[in-house]
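Should a chain be cited, it is by its letter among A, B, C and D, assigned in written order, with residues numbered from 1 in that chain.
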Amino acid sequence: MTVSDTPSSDTPSIAVDALSVFFGATRLLGPVSFRVAAGETLVIMGETGAGKSLAAQAILGILPKGLRAEGSITINGRRVDTLGPAERSALWGREIATLPQEPWRALDPLMRAGPQVIEAHRYVAGLPPEGARKACARDFETLGLQGAERRLPAALSGGMAQRVAFAAATAGQAPILLADEPTKGLDAERHARVVGLLAQVPEDGGALLVITHEVAVARALGGDIIVLRDGRVIEEGQTRHVLAKPQAPYTRDLLAADPEAWPKSENPTDGAIVLTAKDLAVTRGERVLIEGFDLSLRAGERVAVTGPSGIGKTTLLDTLAGLIAPAQGSVQRAAGLGRHAVQKLYQDPPAAFPPHVSLERSLRDIARLHDVAWDRVTEYLTALNLYPDMLKRRPDAVSGGELQRISVARALTVRPAVLLADEPTSRLDPITQRQTLELLSEITKDQGIAIVLVTHHAAIAENWAHQSITLRAPA
Amino acid sequence: MTDQTQTGAMPRPRRAWPRIRPARGLGFTLLALLALCAVAGPDLVGQDPAKQSLLDARQPPSAANLLGTDHLGRDMAARLLSGAQLSLSLAVLSVLTAGLPGTLLGIAAAWYGGWTDRLLTSFADAVLALPGLLLVLMLAAISPGSWWALYAGISLTLWVEYFRYTRQRARIVIAEPAVEASRLLGLTPALIIRRHLVPEIGPGLLTIAAFGAATAVTAVAALGFVSVGVRPPTAEWGVMMTELLPYWREAPFLILQPVACLVITVLALHLSVGGMRRP
Amino acid sequence: MTTARPFLTILAQRALQAFIVAFIVGIVSFAMMQALPGDAAYRIAAGRYGYDMMDAAAAEAVRVELGLDRHWIVQLFDWLGALAQFDLGRSLVYGSPVIDEISVQLGYSLLLAAGAVIASLLIAVPVGIAAGLKPGGLVDRVTLAISIFVRAIPAFALGVVLVLAFAVQLKLFPVAGFRGPEHLVLPSLTLGLGLAAVSNRVVRDAVADAMAAEWQLFARTKGLSARLSVLRHVLRNASLPVVTYVGVQMAYLIEGVVIVETVFAWPGIGHALVHAIFARDVAMVQGTALTLGLIYVALNLVIDLACRGIDPRTRSA
Amino acid sequence: MIRRLCAAIFFSALFLPLPSLAEEKSRVTIASPWEVSSFDTAVSGFAIQALEIMENLVDADETGALQPGLATSWSASDDGLTWTFQLRDGVTFHDGTAFDPAAAAQSLTRSWQKPGVLAKAPVTGVSAKGDAVVFTLERPFAALPAILAHATTIIQAPSALDADGQPSALIGTGPFKVERFTPPQSIDLLRNDSYWGAAPKIPAASYLAAGRAETRALLAESGDADMVFTLDPSGFARLENVDSVKTLAVPIPRVVTLKVNAAHRFFSDPRARQALSLAINRDGIATAITRFPEAAAGQLFPPALSGWHSPSLPRLGYDVEAAKGLLAELGWTAGDDGILVKDGERFSILLRTFPDRPELPLMAAALQDQWREIGVELQVSVASYSEIPAGHQDGTLHVALYARNYALTPDPIGTVLQDFGPGGGDWGAMGWENTEVADALTAISATGDQALRSKNIAKVARILHDELPVIPIVWYQHTVAVASGLQGVVIDPLQRSYGLSKVSWSE
């Protein structure tokens, strides 16, 4: 990490003083102040929508239109918030590198992985073509990506895409790395690899700024931490200390919400069998993903299904829902169950609602079609800690946690016997995740609804479900 | 609340075309005015659009003839107003009769997929491969001078565009989890179309329609140019453009008038549609 | 979303489409020509001899000569049978082989169409990019207004105005005719402007979409300059919808071609088609329609291949 | 990359040295509306003749007087049934083959068997005899030489026909030979250096068919075309003010006429036809539409038709009240909407016309408005002109508007006989027969005696003027724009020739 004008060791790589972000007169974030020096790590943690990402955007100078930042930002000893857009963008890749939230979407879909890294070496680091190619080959080797140079982003797994993005982002040898939710949607194994990659940065003398809602990431990276809530700093200090002895109640809640800390669920009720799968096989194209899957689902039962990414968990769920005909074996619903007795919950709640229609409209449609009184729907909403007022909004105007609960209420409206939930909380912060899953278990227990939860979180499977099934690829 | 900063790296700039509230109001005002002109027709200026005065041909605007007179000494204002009736109804009708089946077939192709999709797509491709002009000219030849033949021919060549656009967009929407969820929840196809498809593809369709309205009128002009037209003394903007072309040097204000009417119509449509996208 | 199709599959699909198009075009144009009111012998005689020389006697002579009294099924099978031997027959009006007529005129029309597409791209691409880089900006709004205006002007009016400006006033290009490349400029520009009025908005949308994509932002934050990001990433991604749209536009080009050919006295197939329809020259209509249909299929093949060139997803995976 | 390449190609196309513009001004370019689509003289004869590629046995000067062409002299036998045309010696076709009686006879036989003027003449045979071509007739026909001056009787070389007997090249004997032919738009010509007559002064010429009058006017204005034929009134008015061109308007024997179905119950009484005629504002039409006020047709035969136009006939007038009176005499009364009614039937008729001559639909619209004044409702159908002969044959036609050329051949008798002879004609009278006219026409066609002809012509003209089987509206002017540097331009009112062989560049 040698840059010609390396700042002296006591100059922080990045210093933020009283940074606030406003929408009109509304303060969305701040004031926040922090500094990260070379070889140090700072983790910004907080609930979903706490404005964490705004901090990253303000530092880079890419705040969305209509938002305005105040306070000072200094990068490598140079005040940047007063600079024009062109000068700020000149820092990108050279002084400050950024790891994207969703690596798949951050890679050009039409360009192969190799060239996307090579061009960074060539145009950002200024290497000659041959040198850039070699540097890329070196990166791919170090990152365990050998052979992926000719692959298109669509042919990369999430973890691989994140590593390609890492190589591309850091090719310019910037001394600072900014990572916004780098582990979003990754399974446990990939999660660990990315965290390992990040942990390497301060060790190599870089400054690392990570934004995350996962306690495990903060724990693994150490350094300093800032806990945000509603855009305000709740607590800060050394990560080790804060995680061990949280002072603010909110931080305590956050830690307690870690699935590892959840109590083990009680024994299942002995309800009637509502859904049976026998010798089920799931295929993708010609490839057999899952074979010989058996399941007898009882009313009120909670079953968790875990397994590595790409094993076919979602396809299995669709087969159970009857959306896909089984490649082999059978799925049978108990006699008397109607067409709508099996419902799904989705990973990305905004994608599961018609985006241009108010939530109330969506829910009323369903209530009307199934002859359910509107009062019943509002009862469900209240039981899920939602107030009917928010239904006036569109799906993109409520938080992910709220929307997931609304989708639970929506599913309950059709009086299902089985709920199939596909990673319903993977995009939510720990507190919201816990609340959502707790409400789900309460309601399904009350209503005698069976639930199959697909998750990559071993602790959730262990602690929340009555029964946990781990899928493995057939030999 | 979730701001976009959470779900995406950055809020996307509006995909819509330049969108300004007052502009939209202006669009609706213009449309209302045009509709008024079409409904009231030549009565607005109290002149007979067919009445000639050969010796007063090609006169510039005056108190008696607000917009001047055409090559046969007919009042331009009265003819433009009378033309508004035909042109606007042609635009609306051809957009409707091309847009409705085109959109419905597009949805059907996307909804059922498989053979239905392949069949409809091949059919649309074959229609595109058949020179549209051939179709229009032949229909016009079946009933020379008839208004309906022109309109039917134009409408027949325009539907493919709606089909292609709808099919392409609807395929994406239908594949989304939101539609799957709605199906599982028991929404009827009609309701799914209303709640999911219409809001998603509507703005794009309206843009095509706005362009299609212009296409319909200029198509009449183009047909007039190859000597396929309506019976005199019918006034229609496209027909007038062709009729007045010979006088473009000595009286350019004549041909500019129907062109200006069409520009205003298309502009009004675009402004009031607000978002404008093409497939 | 994109399905990978091997090269041969594309060829086979297009070959099948070509066959279907040939069949449909032949049948439809024949059927419609038969359905037209009026006596074909009179129309053909009119087309041949002009109105000074055309009369009932000429029409009767034509009827006997061409065997128009035969049942339509016999006439259709005649045409299909000849077609199977790659014979398009002789023009009923001119007596010359249809293939000769088409081959001369088609060359000119293709030249014109190519000129128009190039002109439209030369206009639409820079304008669309300029507008798409800043959606909602001044350039965007001004070009939108101009697009609407150009769209609402009939091609013939645009043509004569261009001639007045560039040929009569500036004396840069000839008014009409088709001697050298300079004769191609104004007709191409007339057609190209009409096409560009729509396609610049397609380019603009595609560029605006690409500029808003997360990968574009990442290309910037990883250190590429705005220029490099546009050149290396945005343009390529934006070109996909544009290329597809150009393919669709081709189908509509033929209408414009007729007008422009007439205004610029350009010997083309659109013009020939119109005349053939008026003169009930069934053989010419069928031959021309067939040729145009096959060209459309061929163009689609080119578009498919171009998309494959741009989008590696359709090749691997 | 591709984009750059395309741009390079396009721009290099833009800035290539412009050969035709840079070329020294020696080639004369003609623009005219008429397309040349075929090698067949029966189809494209007019252009081939006017461009002097092929020639007739008989030529004609601007007044219509017959002149020797490829035949040096001709004579009829005493019974008038055999005509002998003595051919010119030492003439060769453009490809070097000899022009001889056999070639001439072959070409003429082809013309005779194709629809055209020769097919309508009472010919029974064409043959080569010695150094002459001999026609045998079934009855005397004085107009035969005139017919042999017609465009469809031009002589093409036998080598122009392909194996199937279809013409596949333009090979004639004229002062210009074809360099390049691009149907239907253009013909490039080179001087025929072995021409038998006076060689043209210009080395090369081009013909460009530009269908639109706007294009032709712009061609003239820009100087891209040196002789532009058939201008629209607006373009003509504009070019009159352009210094680099001269405009000319020559009256020609073409008349816009209205064919009336005299067999129809509405029109069987001559008074009905007279009423329709009286309701036409010819001056208005001539002033506003064709813009030659003096060309309002006061009678059928225009002054350009020397020998047939008779100054003594009273002009056809415009008198709406008189027209109404005549119709009232016939029992028509105005209905509620102002349209006349008789026996419960509205006076509503369909006019057929065609768009090939752009002024016709305009005049139709004018008639529509003018006849509404007298209570006649006119529907206008603008379609193929073949609808007119077709409507004539099946009797469904009411009225038709078209432009009739009475000098298709230098002697109008052929055309007039066709139009007003027994049974009427597709482009002439319908359901109207007059034995006096028929007899007079037969007499004219059989004799060469000028006094006898004049007497009979006057009779025909007078009867047509009174009875109005066709109602004349305006006479045509042949409008031409010529580059001011061009000399020796002669505008042929018969439109048989563009006069290319006589023009030259000044200096």
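Here is the rule we use: a contact is a pair of C-beta atoms (placed from the backbone, for glycine too) under 8 Å apart; a residue touches a chain by one contact, two chains touch by 3 or more.
The model shown is predicted, which means the values in this text are computed figures rather than measured ones.
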Quick one: which chains contact chain A and chain D both?
B, C
Farthest chain from chain D by C-alpha centroid distance is chain A
Chain pair showing more contacts of the two, A-C and C-D:
C-D
Distance-to-centre winner among chains (Cα means, whole assembly as reference):
C
Geometric centre distance via CA averages, chain C-chain A, whole Å:
49
If you average the Cα atoms of chain C and of chain D to get two centres, how far apart are those centres in Å?
36
Go ahead and note the Å separation of the Cα centroids belonging to chain B and chain C.
21
Go ahead and note the Å separation of the Cα centroids belonging to chain B and chain D.
43
List, in ascending order, every residue of chain B touching at least 2 other chains.
8-10, 13, 227, 245, 248-249
Any chance you could list the residues of chain C touching two or more other chains?
156, 160, 164, 214, 217-218, 262, 278
Going by residue number, chain D touches two or more other chains at 214, 356, 383
With touch defined as at the top, which chains are paired up in contact here?
A-B, A-C, B-C, B-D, C-D
Chain C residues within the chain D interface of the complex:
38-39, 42-43, 45-46, 48-59, 61-62, 93-96, 101, 104, 115, 118-119, 121-122, 125, 156, 160, 163-164, 167-168, 171, 174-185, 262-267, 271-272, 275, 278
Show which residues of chain A lie in contact with chain B when the two form their complex.
28, 48-49, 51, 53-54, 57, 62, 64-65, 100-102, 105-106, 180, 321, 323, 339-340, 342-344, 346, 348, 350-357, 361-362, 365-366, 369-370, 396-400, 403, 407, 410-411, 413-414
Can you tell me which positions in chain D touch chain B when the two form their complex?
213-214, 217, 232, 234-235, 237-238, 281, 284-285, 287-289, 355-356, 358, 361-362, 364-366, 368-370, 379-383
Which of the residues in chain C come into contact with chain B in the complex?
1, 17, 20-21, 24-25, 28-29, 32-33, 35-37, 135-136, 140-141, 144-145, 148-149, 151-157, 160, 164, 198, 201-202, 205, 208-209, 211-212, 214, 217-218, 241, 245, 248, 251-252, 254-256, 258-259, 262, 270, 273-274, 277-278, 285, 288-289, 292-294, 296-297, 300
In the complex, go through chain B and note every residue touching chain D.
50-52, 54-55, 57, 71-73, 144-145, 227, 229, 231-233, 245-250
